[in-house]
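Two complexes are shown next, each including chain A; its partner changes from chain B in the first to chain C in the second.
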Partner chain A sequence: MILDTHPALPEFEYIRPANLAEASDFLAQHPDTARPFLGGTDVFVRMRDGFMKPEFLVDVKNLDGTNELRFDSRTGLTVGAAVNMNRVIASPDVQAHYPLLAEACRSVASYQLRTRATIVGNLCNASPAGDTIGACLVFGGVLHLHGVSGPRQEPLSGFFRGPGKTTLKPGDIVTAIHFPIPPNGCVGKYIKLGRNQLSDLSIVGVTALGHKDSTCSSGYRFRLALASVAPVPLMPAEVETYLANNPLTPDAINEAARLASQACSPIDDVRGGARYRRQMVRNLSVKALTEVWKKLD
Partner chain B sequence: MAEPKVENSTSPVGESKIRIDAREKVTGAAIYADDIQFGNSLLHARIKRSPHPHALIKKINSEKALALPGVKAIVTGQDFPGYIGLYLKDRFFFCRDRVRYVGDPVAGVVAVSEEIAEKALGLIEVEYEILEPVLDPEYGARPEAPLLHPDLGKYAVASFIFPQPGTNISNHFKIRKGDVNGAWEKCTAIVEHKYRIPHIQHVPIEPHIAIAKVDEAGEITLWGSSQSPFAQRNLIAQSLGISPGKMRVIAPYVGGGFGCKAGVSMESLAVAIAMKVKGRPVKLLLTREEEFFTAFVRQGLTAYFKMGCDENGRLLAMENTFYWDGGAYTEYGVNITRAAGYSSSGPYEVPNVKTDSYCVYTNHPVGGAMRGFGMPEIHAGLEQCIDELALRIGMDAVEFRKLNCLKTGSTLVTGSRMHATGLSQCIEKTAEAIGWGKKAPPSAPNKRRGKGMALMWKAPAMPPNAGSSAWVELAEDGTLNVGVGGQEIGQGVFTVAAQMAAAALGVAYESVRIAAPIDTRYSPYEWQTVASRLTWSMGNAIVNAAKDARKQILDIVAEAWDETPDDLNIVNGVVISYKSEKEIPLKNLVIYGLPKPGDQGWRGGPIIGRGSFMPTYVTGLDAETGQGERAVVHYTTGAQAVELEVDLDTGRIEIIKGVSTFDIGKAINPELVEAQMEGGFVQGMSSALFESLQLKDGVLRNPSFVDYRIATSSDIPKDLQSYIVEVPQDDGPWGARGIGEHSMVPTIPAIANAIYDAVGVRLEGPPFTAEKVYLAMLDAGIVK
Partner chain C sequence: MAFHKINITINGGLEQVVVPSNMTLMQMLRENLALTGTKNGCSAGECGACTVLLNGEPVNSCMVLAVECDGTNIVTVEGLAGDQQLDPVQEAIIQSGGVQCGFCTPGILISARALLDRNPDPAEEEIREALVGNLCRCTGYVRIIESVKAAAKV
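Let's look at the complex of A and B:
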């Protein structure tokens, strides 16, 4: 809650490292006082509102290729940490192979903010409401990191620890998010429920991705990710399992949605109540899964 | 006022002229208060505010803050003992002994930079003794509630406001008309409902700003974003115990007001601080958060309605009780509760009415004027009850309204007679445009479609003798300079002023300038830019000024041509004679006059016309019955209808179509009138669907646009229609009356009625968020 009627950006030192190694070293040396930033759309707002007071802001844009958006038909898509959302939306490769990612980006804030906002920033901010997180999860995103001991990779699925909390250690910088080639013929859908049409935070967000899969008994495999209904972005495995193992019918989708609703633990806050959120997880899961299913057949 | 004698065909009145301020606003050249440069001498002010909703101030220690290099002075309530307020003087500049809301100003700092002023705030130590707050107006009105203003009985108050000393009720307005108790048994159908309206904010794009400077002689200059430069001059000077003549207010363009920049609010703080640093201008600019926490809010309301009709659907009785959540100070709000009282029947003829409208002090933000001035709040519930009553009696809601609505000559709730009105035409036009009675299929299987209508009335709420004045003068090139004291707050009043001046004098619209910015030293007096009163009141003053100038001009020319003024006219800047067919351009005579033949001297001289207007016919109302000869100057009436869809999966409302029809007497500029109708609809829709200040234990939980949602362009229905009805006002210029506020009055109930039509649920109050609509449907078993 903001009680300060005169919020102002506190003083901080702006650090522009020459390369990732230098950035990691600096961040590791100042574990409690330094913070990396990309577009700054969250960091500056939170600093102004008094929620964080880093002494140093380390600009990790444009370091060692973090500004690259790359698609390889063999290995998949790599979105550099500094690639803004409007670039993702406009990319023909994204539109052709990962349209769900563009759809999720389009739902974020406004056009102006999307020229600053980045997907990696959205992930590192680790808000349960992050609009692009669901798409990154269902596409099986893998984080490329740079730490004090050099580069490494981590799956996104284990990244989130709580609101604003991740597995990142001092000195860690996420340099890119990588997505493998998506399953053949897959279809995705993101449904964002905001309070009004434009530029709101989501009260509930439901991301669904499905494809035909002859290895499971239903013949379909779905992934579902939920925003704003738990301390972390949620990908309830029971939904995936249920839909893989039961014949796909409207009733099965209703049951999967019920499972999704059961899996979440929403809270009452200024944007919406827990009771409503739980209902919406169910209704919007039905909607998203049904729409994906219809397009698959 | 009869129509001025203007026979030329180029009269711009009634034409949609391009706004006079369009070019400078579109190009960014227009000057707003924060654009004014004050050079190096400028100092910056910040306000230390109460973190508690209700507490006693035990001690303020500002020594450390004062010792901070760069801090020039610190001001507290001890420095300023004078009360201030528009209708009830119930507040100090800075709190003296008690704080009454979160954000109440406790001290002011002035420093050489904003950063230092900000830092100094943290060094001021305030010791409080926390008191039990009043957070609900109904509770606050009870005798057991803690008393927030023990000195209420000592406050200076306008003659038409009735405070109840020893309680938290700062105004109790009553209507006792006919015999309500006796009427209920004659009713075939009766409905009773309780509604709650939340506090909302005005959120103008330009936050409040004031720059004050006090010179060595004690003369005060205030620059600010203001709807009320003259009222500020008077009220601030009075409170300081100085002559209003020593105070000057300069008010450039306003980036939106909607009522929150009326009266006096933060401006007094800037003046108080500037008095401690004479010779230096002091700027106080509110942050957006401060806007949310501390600017005037639209008061909350808890309303009880009871109304009944006979078997034919004729309204017989109404009993309405309003508990207004007036907030910490009700200096302005008391008159909102009065307006709600004398308009409490809505635009209907009802023989028996009992109303109690209570303005109640609470430890919530300060209530003030907001577009509609109490009318959106009361119509929200009233117009839902009308729908329900129609349903009970088995009548179509539109037929029910046509039967009961005010017509010319109807008896009003205050006992007087309705002037000429086109309300019935408004209903018919709105019903036709929305396709009343026809139900279109929803756009998808998970949607339900509905239509709803609501009516409204509203009078300018102001003292009975609120006045206007104007002057006109002509330049050597015959262009017309028009002096007004009414403010351009985006509504287009400068444009309309120019059109009326041009038409009344006989010059082209394009040759008129408005003498701006408004400066109380040079501009003619205007009470306030509020109450949708300028086109009517200031318009009359302008017409009078133009007629005055016109008479001077025609007298000179008549004398020179040896004709009578009746045979002369001014057309497009040229004086013509219908008799001799002579003509002379204005520019040839308006400064230097005309030479007499044979070099025998001159006649005439610089032309300057003056005019003023003040209603003289408004009478008081009986304190016990609310009855009187003429409560107000006039009522603008109108109707709105919406068609919407409710999403059964989410509860989300989509407005498909909106229709507005208002009887505004005469549209001086039809496009600007339509802009007001559309803008009001959108603001009304925003308040109906999204807006609410979420106050918990007196603390605002959503003081930013992140969580205080307002409609954006994407939320506006694609099909928005506006219709103008013109039944002239007897004393309006060309018959005009106001429209600025009225357009958002019926929107909440129109939407509520459409939601009911679509899914059969009614909510206790706005905003009708998707969550509230969905959960209501869930509880009613409409969705599972």
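Let's look at the complex of A and C:
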């Protein structure tokens, strides 16, 4: 057998629509053969590997404001679909108000890949290992979409349906992700367990966001998101509820981490075994939650 | 498959190239323009040997379509040196012995130049992070990192 280690891209037609309406119409008219793309860092790999054979690649960069990165102190942050991860990392607004999002982006691949890779591409790719998904979930991200019947919005929390599967319908294009103003004084932490410190896909990813909240009995509210441990990224509500209702102690954090590992349904794969992953969710959840708690006090 | 006529500035000169949809920027540079300094190590975005500057920012040219580059400005390793002298990172990597087989070197030089353009005085950690996407099978990286430090002082 001859193994081609440098496969060229298979043939396809490159389509650059003039606006979102045209893009949605084209995609809807070719539901099985056309695919939108932004940075292409997932699409090209899948095409070279033969997993994906689109006849048309529809370039949805630079359409109708998808290149904007905008912060408004009343409504929050909007990251246009075409905004690359390096721009997110370098943005003073992101650093000031959503540093966890910058931290998550920094853990993706390499600088030169992040010149192309986008958060929206990471979300639409819907890999349970997607590094920015956790931060987008805990910040309460809302997707801005454009479909054949025009624009609409959808919370990110209901978006994922399985590995590579989302609620997107033919003709749908994600145009941006929006984040509300984060809770006052919140602190976040992303722990990515990979085979090396930088640039590899996660074996397990744990994202924690916490803030003080006098309206719940513990006085603290936490959100926890888990990557690479189930067919979809998880945000186990039982962890949130437990930590809101029980006095915050190291034991409570241990129990919350146990609940987190219970919520997972990991698989064995080349990057790690299921049992190992479940144990790591527990350990890393303790670590992430404790670190956030310490910074809040 | 359709062909596209694109206008592109490469190392300061304007080029008009006709490319098929599925041609990558890397293929166009190497095969249409004979700029073979840009290397094909993996065609998968992993190794960084194909790194070039696209509008001043480093990209893996194997992960960019040529047709997407219409109207852009590209700098390859061939465009780093001035008429009379090498770029300080080129000079430094020679001085520090940061080149062995040389396959990774063009990509390293581009990544290093891009780093120094956005951060003229990087800490060692920042150099390492900027070069995460450039694999080198020969040198063990130490001399490469030393050379970026040396170039930063120029």
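Definition applied: the second predicted complex is superposed on the first by the 289 of 297 C-alpha atoms of A that agree within 3 Å, B and C clash if a C-alpha of one lies under 4 Å from a C-alpha of the other, contacts with A are read in each partner's own complex, and residues count from 1 in each chain.
Simple rule for what comes next: a residue touches a chain if its C-beta (ideal position, glycine included) is under 8 Å from a C-beta of that chain, and two chains touch if they have at least 3 such contacts.
Keep in mind that this is a model prediction, so the values were computed, not measured.
Peer 1: Examine A:H6 and indicate which partner it touches, taking first as chain B and second as chain C; both and neither are also allowed.
Peer 2: both
Peer 1: Touch test for A:F51: chain B only (first), chain C only (second), both, or neither?
Peer 2: Neither partner.
Peer 1: Is A:D59 contacted by the first partner chain B, the second partner chain C, both or neither?
Peer 2: second
Peer 1: State whether A:R275 touches chain B only (first), chain C only (second), both chains, or neither.
Peer 2: The first partner, chain B, only.
Peer 1: By the touch definition at the top of the document, which applies to A:K287: first (chain B), second (chain C), both, or neither?
Peer 2: first
Peer 1: Quick check on my understanding: which residues of chain A belong to both its chain B contact set and its chain C contact set?
Peer 2: Overlap of chain B and chain C footprints on chain A: residues 5-8, 198-199.
Peer 1: Using the touch definition up top, name the residues of chain C that touch chain A in the complex.
Peer 2: Residue positions touching the partner: 1-2, 4, 20-24, 27, 40, 42-45, 48, 51, 54, 57-60, 63-65, 67-68, 111, 114-115, 129-130, 132-134.
Peer 1: What part of chain A is in contact with chain C in the complex they form?
Peer 2: 5-14, 39-41, 44-45, 48, 57, 59, 86, 109-113, 115-116, 198-199
Peer 1: Please give the residue numbers of chain A that touch chain B in the complex, ascending.
Peer 2: 1-8, 193, 195-201, 203, 270-273, 275-276, 279-280, 283-284, 286-287
Peer 1: Enumerate the contact residues on chain B facing chain A in the complex.
Peer 2: Interface residues on the chain B side: 46-47, 49, 51, 102-103, 114-115, 118, 121, 287, 289-290, 293-294, 649-650, 652, 689-690, 694, 699, 701-704, 706-707, 709-715, 769-771, 774-775, 778.
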